[in-house]
Amino acid sequence: MPDLGKYAVTVLSAYGASIVLLIGLVLISLRAGRKARRALEAVETRREIKDEA
Amino acid sequence: MASIWEYANPVKFLRTSEKVLPVLWVLAGACLVIGLIWGFFFTPDDYRQGSTVKIIYLHVPAALMAINAWLMMLVASLIWLVRRHHVSALAAKAAAPVGVTMTLIALVTGAIWGQPMWGTWWAWDPRLTSFLILFLFYLGYMALWAAIEDPDSAADLTSVLCLVGSVFAVLSRYAVLFWNQGLHQGASLSLDKEENVADVFYLPLLVCIAGFVLLFLALVLYRTGTEIRLRRTQALIRREAARA
Amino acid sequence: MRALLLRDLRLAFRAGGGFGLGLAFFLIVTVLVPFSVGPQSELLTRIAPGVLWLGALLACLLSLDRLLALDWEDGTLDLLATAPVPLEGALSVKALAHWLVTGLPLVFAAPVLGVLLNLAPAGYLWLVISLAVGTPALSVIGAFGAALTVGIKRGGLLLSLLVLPLYVPTLIFGAEVARRGAQGLEVGTPLLMLAGITFGVAALMPFASATVLRMNLR
Amino acid sequence: MRALLLRDLRLAFRAGGGFGLGLAFFLIVTVLVPFSVGPQSELLTRIAPGVLWLGALLACLLSLDRLLALDWEDGTLDLLATAPVPLEGALSVKALAHWLVTGLPLVFAAPVLGVLLNLAPAGYLWLVISLAVGTPALSVIGAFGAALTVGIKRGGLLLSLLVLPLYVPTLIFGAEVARRGAQGLEVGTPLLMLAGITFGVAALMPFASATVLRMNLR
Amino acid sequence: MTMLEIRDLAVARGAACVLEGLAFTLAPGQALILRGPNGSGKTTLLRTLAGLQPPQAGEILGGGEEIAYAGHSDGLKSMLTVAENLTFWAEIYGTRGIDPALAAFELTPLRDRLAGTLSAGQKRRLGLARMLVTGRPIWAMDEPTVSLDAASVELFAATVRAHLGQGGLAVIATHIDLGLPEAHVFDVSRFAARAQSAAATSDEAFL
Amino acid sequence: MTMLEIRDLAVARGAACVLEGLAFTLAPGQALILRGPNGSGKTTLLRTLAGLQPPQAGEILGGGEEIAYAGHSDGLKSMLTVAENLTFWAEIYGTRGIDPALAAFELTPLRDRLAGTLSAGQKRRLGLARMLVTGRPIWAMDEPTVSLDAASVELFAATVRAHLGQGGLAVIATHIDLGLPEAHVFDVSRFAARAQSAAATSDEAFL
């Protein structure tokens, strides 16, 4: 750990806030992406079943 | 050589982005981790700003991406209005939340930085103010997307808003400059002003910027894919309903 | 009743339903203030508590015309008035839903916007408390105004006009709490008055609102 | 075209049509400001030009959703779009009518309200001039916002959200003229910019508005 | 037992009395078709029956908590789905099970569609399905078949008939033939208010 | 000479194609009645003819500046009188004289009444009178007789017949019988878009 001196709180909170925001964005994107993928797969399998019938 | 417009086909786009994305994620993650660790642990403190100079590795890349994301949306909107490629409309939609997060990071880190440097969290400096206005434009753009049901009209209307908004954003920038002279330092990444940032800070900063750019690309590609899948799902459901 | 609350909340969260718009409006008004009065931070610090209260009030006001007018236009209010729920209750529930989607978010957003206006550090706590105590009154009084103007096409502006004077006491005490808090003065009396207004209004106003709504539906 | 202008004006003057409401809102906001920031007169003098400009902007904003939404709801816009008038012209005329019933009265009312806020004597002239030059831009930009949100039920708040950032340059230059005027400084540059915005916007914006309106009617 | 009886009723719209001297009795299982040219006061009468406005004179027996009203507008939220719209009303009226109502108006395939995307007739069918979930015995309906095609009008007639069969009552204003021959026809134009009484509402005090 | 011809037209609503392969020709003096069950796409077709939305495929010859459209809503201002409403539209279309239009729909006694105080059917008559002041040869009307009583429907039929007699054209969507036996009936349900093309608008790219 580098010595941050009297600005430790400042620097750490800036890193903390940014990293939370970035990771939050990535997680939200991934979750929405997975949900969309699942929904699409559900519809596509339904379609295949129907096509076979 | 294949025309780049081929990738405007959603299915083709999905297939290609599927291949590119893992590489992008890895590169983005690597650049960010290397850049941030380098910047955080292995750079000296500035003689005036002390350790707060380390904030630059987040603040500057985020600020750059905040503007570039809007530019990308502007280009994508134009492409949609002129050539009507669905992928570009959806890419603009997908980029907005990324852009707004970047703006937020720039604002938050700037505010945290301002506390020790200027003795205040916030000052109505022209550059900070312009970013706040940019933030508002992002909010309005996203709210309009959310408010319209029909995806094509939503794409049309948000595209026009993006164009008009860009003009007014530039106008606001001049207005704000006129209104208040700032505290904030000028552009310092430009090549002719090397004296501003010493090499020790400059190299890790470049790596971080590369990381942010790659992360932006990865997120936009991924989110565009999500939007395409949602549209495709709706399209299939509609077709099913029409058959029934 | 629960069904009504859930429906109103659901409608607010659906695309275009208006959740978050009050918040955005609050943000924008706060941002516009420095543009209009100038950027000097010492000036901003002085007016910050008042501006934030005024902004919250306007954000609340602007969303009032969603409270009843939509339900009136598509005939829901007629049907609700003939349904087995007391109109007083229905109006209280609608005011509650309005507060949940408009007032409550403002309470949480206010400290962040305080930063933009250089609010004095001592002011944050009392700003939040005063908004939390005062904004419910704004929604309940607003429901009365909405009931009063419901028959009038695009009564939005008229509604604002009728409601604004009714908001004066709430605004005075609310802003007073925030201002005294920011200056480190004692806040007991205005806070008590503010709480009194909120409770009184929540208990009695729905009867007035239901009465005028019934007249308007006639 | 003339018929459209006359009809819009006539509707505005009829009962419930909204004429004077913008004015009243302007008055009330101005009156609420001392309640919220406190009554010290030297403070009020400092913020007076800005508050008056902000009040004018909000009054304008609040009446925007009458600009097109009413005509949309009752089907008039559909009929107008199939009628032999260019939509660009129709929108310009509607923006003009909006300015005549909202902006223009504010120009005349502002000096009176300036008294309430202890506006510096030198400020009156420039306040009136800046409002007269700037408010037309507010109506024209507002027409764009209204056209953008016309299909959306109760788009009122969304409309404000979209339009407010577009108002920033006008507000900055307008308030700057009024503020500098009140302090006896030179006002040439901001006044020129303000006039430039008004003319540019009046010349170009109707095309954008008509484009989005056509998209919305589709 | 549910009954609906009106005695010497007078109803007003705006400041003018439109109908007066109205009287009828409706027993369970009976339906009444209100007829009369445009502007004769059918809407006004139905709103009075539903309790939305007070009668000018005379009295209404029955009605009140027993009556369900359907006006010119359907009270649909375009941002809620068909099923959500109907469920809301079912909960308000404290009944449950929207499936029979959906089925009765052939809305089952549309149940997850947003109400805003329905065609005019589909919206109307949804508005009518609402009557089934109220669980109330007296139906007061204002031009229920507006925008409906012939097949849907038949659906509607069948639904009303089933409702009457269960001891329900219905008062329906309409201009077209509903295919309900068993219903009594009540022509309101015979009861048009005379000129004197036409202004005899709140103006009275000034005359 | 005014004609209206559509060739292989496809129309879409929302993101879904509803009708396709539509074709007809209408000569002066001819009327076309659009029929089809609820949700079959009549409104969509009329809006496309009126130029409010672009066709999905195919072409429309004639129309444009020749066509006057009347939709589900009448575009009335409730705070203007009957005469003021009509005069406004006359001026917009550059014609003059609203008296014949008022007379044709028996609105003369109501001419100074505010439009907001009219009954449903009276409002509709005013909306129809607007067509007469447009002075345009092609009328595209969506369920014009909603809320009209039998006498008013006859008035309407007579007006349309007079319009046709002067070489006018009319396309009318309706569910009820208008008493215009000479008009051709065009059943849109035969042209319902097939399943593949039902989603074949902007969805196409995603399939």
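By written order: A, B, C, D, E and F. Residues from 1 in each chain.
The working rule: contacts are C-beta pairs under 8 Å (C-beta built on N, C-alpha and C of every residue); 3 or more make two chains touch, one makes a residue touch a chain.
Going by UniProt, the chains are A = Heme exporter protein D; B = Heme exporter protein C; C, D = Heme exporter protein B; E, F = Heme ABC exporter ATP-binding protein CcmA.
Because the structure is a prediction, the values reported are computed rather than measured.
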Item to check | Minimum number of chain-to-chain contact steps, chain A to chain F | outcome: 2
Checklist entry - Looking at every pair of chains, which two share the most C-beta contact pairs? => result C-D
Next on the checklist: Measuring between Cα centroids, what's the chain most distant from chain C?
Outcome noted: F
Next on the checklist: So, comparing C-alpha centroids, which chain is the farthest one from chain B?
Outcome noted: E
Checklist outcome for this item: CA centroids of chain C and chain D: separation to the nearest Å works out as 24
Item to check | Rounded Å distance, chain B centre to chain F centre (Cα mean) | outcome: 48
Next on the checklist: Using mean CA coordinates as chain centres, what's the gap between chain E and chain F in Å?
Outcome noted: 28
Next on the checklist: Nearest whole angstrom, what separates the Cα centre of chain A from the Cα centre of chain E?
Outcome noted: 52
Checklist entry - chain A: which residues touch two or more other chains? => result none
Item to check | Numbers and ranges of chain C residues touching at least 2 other chains | outcome: 15-16, 21, 24, 28, 35, 38, 73, 153
Checklist outcome for this item: Residue ranges of chain B touching at least 2 other chains are 133, 136, 139-140, 143, 147-149, 179, 232, 236
Checklist entry - Across the complex, what residues on chain E touch chain C? => result 50-54, 65, 67-77, 79-80, 84, 87-89, 91-94, 130, 134
Checklist outcome for this item: Within the complex, chain E is touched by chain C residues 2-4, 7, 10-11, 14-17, 71, 73-76, 78-85, 217-218
Item to check | Residues of chain B that touch chain D when the two form their complex | outcome: 133, 136-137, 139-140, 143-144, 147-148, 153, 156-157, 160-161, 163-165, 168, 171-172, 174-176, 178-179
Next on the checklist: Applying the document's contact rule, which stretches of chain B touch chain F when the two form their complex?
Outcome noted: 9-11, 86, 150-152, 228, 231-232, 234-236, 238-239, 242-243
Item to check | chain B contact footprint on chain D (complex, rising order) | outcome: 144, 148-149, 151-152, 155, 158, 161-162, 164-166, 168-169, 172-173, 176, 189-190, 193, 197, 208, 211-212, 215-216, 218
